[in-house]
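Could you have a look at this structure, given as structure tokens, before my questions?
Chain IDs A, B, C and D follow the sequence of writing; residue 1 opens each chain.
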Amino acid sequence: MADIVSLREGLAELVSDGDLVAMEGFTHLIPVAAGQELIRQRRKDLTLARMTPDIVYDQLIGAGCARKLIFSWGGNPGVGSLHRFRDAVEHGWPAPLEIEEHSHAGMANRYVAGAAGLPFAVLRGYVGTDLPKHTENIKPIECPFTGEQLTAVPALNPDVTVVHAQRADSHGNVQLWGITGVQKEAVLAAKRSLVTVEEVVPELTPRAGAIVLPSWAVTAVAEVPGGARPSYAQDYYERANTSYQEWDAISRDRERFQEWLADQVYGAEVKS
Amino acid sequence: MADIVSLREGLAELVSDGDLVAMEGFTHLIPVAAGQELIRQRRKDLTLARMTPDIVYDQLIGAGCARKLIFSWGGNPGVGSLHRFRDAVEHGWPAPLEIEEHSHAGMANRYVAGAAGLPFAVLRGYVGTDLPKHTENIKPIECPFTGEQLTAVPALNPDVTVVHAQRADSHGNVQLWGITGVQKEAVLAAKRSLVTVEEVVPELTPRAGAIVLPSWAVTAVAEVPGGARPSYAQDYYERANTSYQEWDAISRDRERFQEWLADQVYGAEVKS
Amino acid sequence: MSSYTAEEMMSIAAARALTEGSSCFVGIGLPSTAANVARRMHAPGLVLIYESGCLGAKPDLLPLSIGDGMLAETADSVVSVPEVFNYWLQPGRIDVGFLGAAQLDRFGNINTTVVGGDYTDPKVRLPGAGGAPEIAASCKEVFLVVRQSTRAFVAELDFITSVGHGSGAGDRHRLGLPGAGPTLVITDLGILRPDPRTAELTLTQLHPGVTLDEARAATGWELAVAEELGRTEAPSDRELTVLRELTAASQ
Amino acid sequence: MSSYTAEEMMSIAAARALTEGSSCFVGIGLPSTAANVARRMHAPGLVLIYESGCLGAKPDLLPLSIGDGMLAETADSVVSVPEVFNYWLQPGRIDVGFLGAAQLDRFGNINTTVVGGDYTDPKVRLPGAGGAPEIAASCKEVFLVVRQSTRAFVAELDFITSVGHGSGAGDRHRLGLPGAGPTLVITDLGILRPDPRTAELTLTQLHPGVTLDEARAATGWELAVAEELGRTEAPSDRELTVLRELTAASQ
């Protein structure tokens, strides 16, 4: 059964330096507050996995929390580059960043295999591209019935997965709806998991398009209203598109980024 | 885009003698009316695939429509045996029935691979059992990353899949809810598909727990109210448990079964 | 104390074996009855999982099939059939798998496929595997519920549908089966557990009024018996009341 | 007829290429604009699929990301990200995949990963693959939308992120890629199509006011030109009105 915790306690308990951490949410429900709390707790040497690193990982990378990034699309959606990510890859600032790069289909299937307790997943993917040249984690596999050659990727089993959801009940059952992305797979693939939610309610009521992560499949739940800003939480708040544009300016410059970090993260009140 | 058709037209158009036909619905939403219409159209030499053959395939087998059965659990749920199935396997009546037998996990994954456009699926299954001795369709496969040995099953791609759902809109978008079983995979795995529905409504309204099969992924839709009886259609009618018990008596005896066939199928009015 | 049937004793013994807060993959019939009695007695937080995709079902009555509407309506989450097997059963998330058997051997291997003749021309064709092979492989442990008789407790299975302890200790590990396999066999006569050294099913407990000779006579091999053979506590009035109310309400 | 920008000409040319009733895997930016213009013009039944899992989205405005709430709210069905790739894209159910590129070569292969330097120490790090490799592999055909310049139209890619026609005709078949690959490249100068014999991208059409020399000068290899070089019809007033209203409403 999931424990109901504060964000600070939950992350302090679940995430250690050096862990493989996945934070998922596909445009919608990105666990940004949890990412900033990890910066505040000065976690180091993390291997960060996420299909679309987005602002949340640009911040963690710029703050020097990450040793390695496993991803499939590293841009600021609708705006352009992730400058902290680029600075780390292009100039090794604030530290070199090892990268392992996939396609979306490959990353999604790595989580699927992880959730399914299988060591690998099979897909039609990557063939003819340069991606397999740069990782051992993309290999050919032959169909034992037809002889056809396909592609295998290994399961991704994070030490900790962090996601954000609209709500949980007091037992720790989690409900999310709208675009649900790869969150179920990312949580089920992980050894431990933390879900931040907009609100903890006495009872979950059924909702069209909602999925439920049962309490016994989640390690901890923390109530963090607004925890997905500047991304959005459907039926709670909209995406702050201007914040994504503002991030471009903040992140473009190391000094300005460091000021932002001091003011908005280290200097900010802890969310819960 | 799915055509809206009558059950008779739809099956006459889509199903030919010798086809591989899957009719799915896990306890809930079993396409029984469509099965009886196939008997009425005197289809022959069908290979019938279904996880739980249930009454619907007991009837088709007893009526001599099937050459082969691909399945994972062949009982009358809550009652006992499927006598027509047993009579075909044990005594070759009315004709010998070739069988290919899987576990539920294996059958479900055969449809998953079919829906995903892959030639096979990987699972932890069958190991140590006698099932692989009796089919070429269960093979070992090695993980290219860990060397671990797992099991592969080939994709199941029916010529036609038939399922029942609560409703469709006038464009042929299909909505079903409650226990949705393996129907999405079975439809997506098939070359052609027919969905019988309780009702065609002008517009689908969102519903908790519902899945939608978009019109462009379905070949044809037929309105067949009560088309899942004696199984059930959640929010339309309950399971007729007594009919399952009565089937035990009807199906136990060849003569009584043939009378039933004459009265209730060949002699019955076509449903739509 | 009331009188009770052997069936009732089995259901209650099975219910007692389920611990609060654990998750349990239940088939229809006695396993479902036992799990629902346990929920009403000592294990209100027992998580019931049905292969139809109902996770955390909380039925008021005993369902008549593993896909009753009541299960979907009361579940925490209803998932597809592929998902229940791939994401929930296969990774070993489920604590207890509850299985029956037409035949069972001394290592808890199970046959639910064919009896007599051979596979292509059997004397009796049974329903087959269903979810059992993977439940037996992947649940953390497996409880078997089988009426004890020489027809069911056989020296050699006609078909291995689901693997218990294979040919003995260490075999599950060699086969790569992740769960512990059958840790408990509940019959109408008593309770058997695998010997920790050999994995052979060993009678550890007799139900009230049953003799060791009766248990031996109902077993198709030379039955191993624990040095300290226990005696099952008879059903309490409260247990019988809960079981009977549940059964009566479900008619 | 109004004046219009090169960007508008591209969007309208792309919209025209989408046929009624087909399904289209759209990324954000120009592909999404084009698809939504087509829906308002000649293809009201165009099925828009976004990689966030929105099948049949019918946005009123142009979404700013592939995961806008509006897409989920107007979709026929919202599925998980693994499902959109595995059940919908991979089996070849989707007619048209719409892709952009930072670099493109004469066979329509695409780079969106790194430019300059080498992979581990690149001059410019781009966002990477996203859904593109499998969109390029599995959609029945692929439309590319790229501004034509010697920076983008290069003789040799710095990285192959997604495969077009590989090293020429027959290569997709040899690689086992199911779809037809890029059948249309829309630029700000004109339209290119693969030569049926060689699969090399061949200029088949120039937009109004563009000269062949301009197109050649904007191409980093010796540009193949069709024997009968067509001329794109200028955007109609109605096309421009629809495009501009949509863009304005989405600000």
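Everything below uses one rule, namely that a contact is a pair of C-beta atoms (placed from the backbone, for glycine too) under 8 Å apart; a residue touches a chain by one contact, two chains touch by 3 or more.
What you are looking at is a predicted structure, and each value in this text was computed from that prediction instead of being measured.
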{"item": "Pair joined by more contacting C-beta pairs (A-D or A-C)", "value": "A-D"}
{"item": "Where chain B and chain C are represented by their mean Cα positions, the distance between them in whole Å", "value": "28"}
{"item": "Chain B and chain D, separation of their C-alpha mean positions in angstrom", "value": "40"}
{"item": "Sites on chain C at which at least two other chains make contact", "value": "86, 90, 138, 178"}
{"item": "Interface hub residues of chain B, defined as touching at least two other chains", "value": "117-118, 123-124, 148, 184-185, 209"}
{"item": "Category of the chain touch graph - line, ring, star, complete, other", "value": "other"}
{"item": "Contacting chain pairs - touch in the sense defined above", "value": "A-B, A-C, A-D, B-C, B-D"}
{"item": "Chain A partner contacts - residues on chain C that touch it in the complex", "value": "21, 23, 45, 47, 55-56, 76-77, 86-87, 90-93, 138, 178"}
{"item": "Residues of chain D defined as touching chain A within the complex", "value": "28-29, 51-54, 64-69, 71-73, 78, 80-82, 85-86, 89-90, 113, 119-120, 122-134, 137-138, 159-163, 166, 171, 175-178"}
{"item": "Sites on chain A touched by chain D in the complex", "value": "26-28, 51-52, 71-75, 77-78, 81-82, 85-86, 89-90, 101-105, 108-109, 111-112, 123-131, 133-134, 148-149, 178-182, 184-185, 209, 232, 234, 238-239, 241"}
{"item": "Residue numbers on chain B that touch chain A, as the complex places them", "value": "117-124, 137, 139-141, 143-146, 148, 150, 152, 154, 206-210"}
{"item": "Of chain A, residues touching chain C in the complex", "value": "1, 115-118, 173, 184-185, 188, 211-217"}
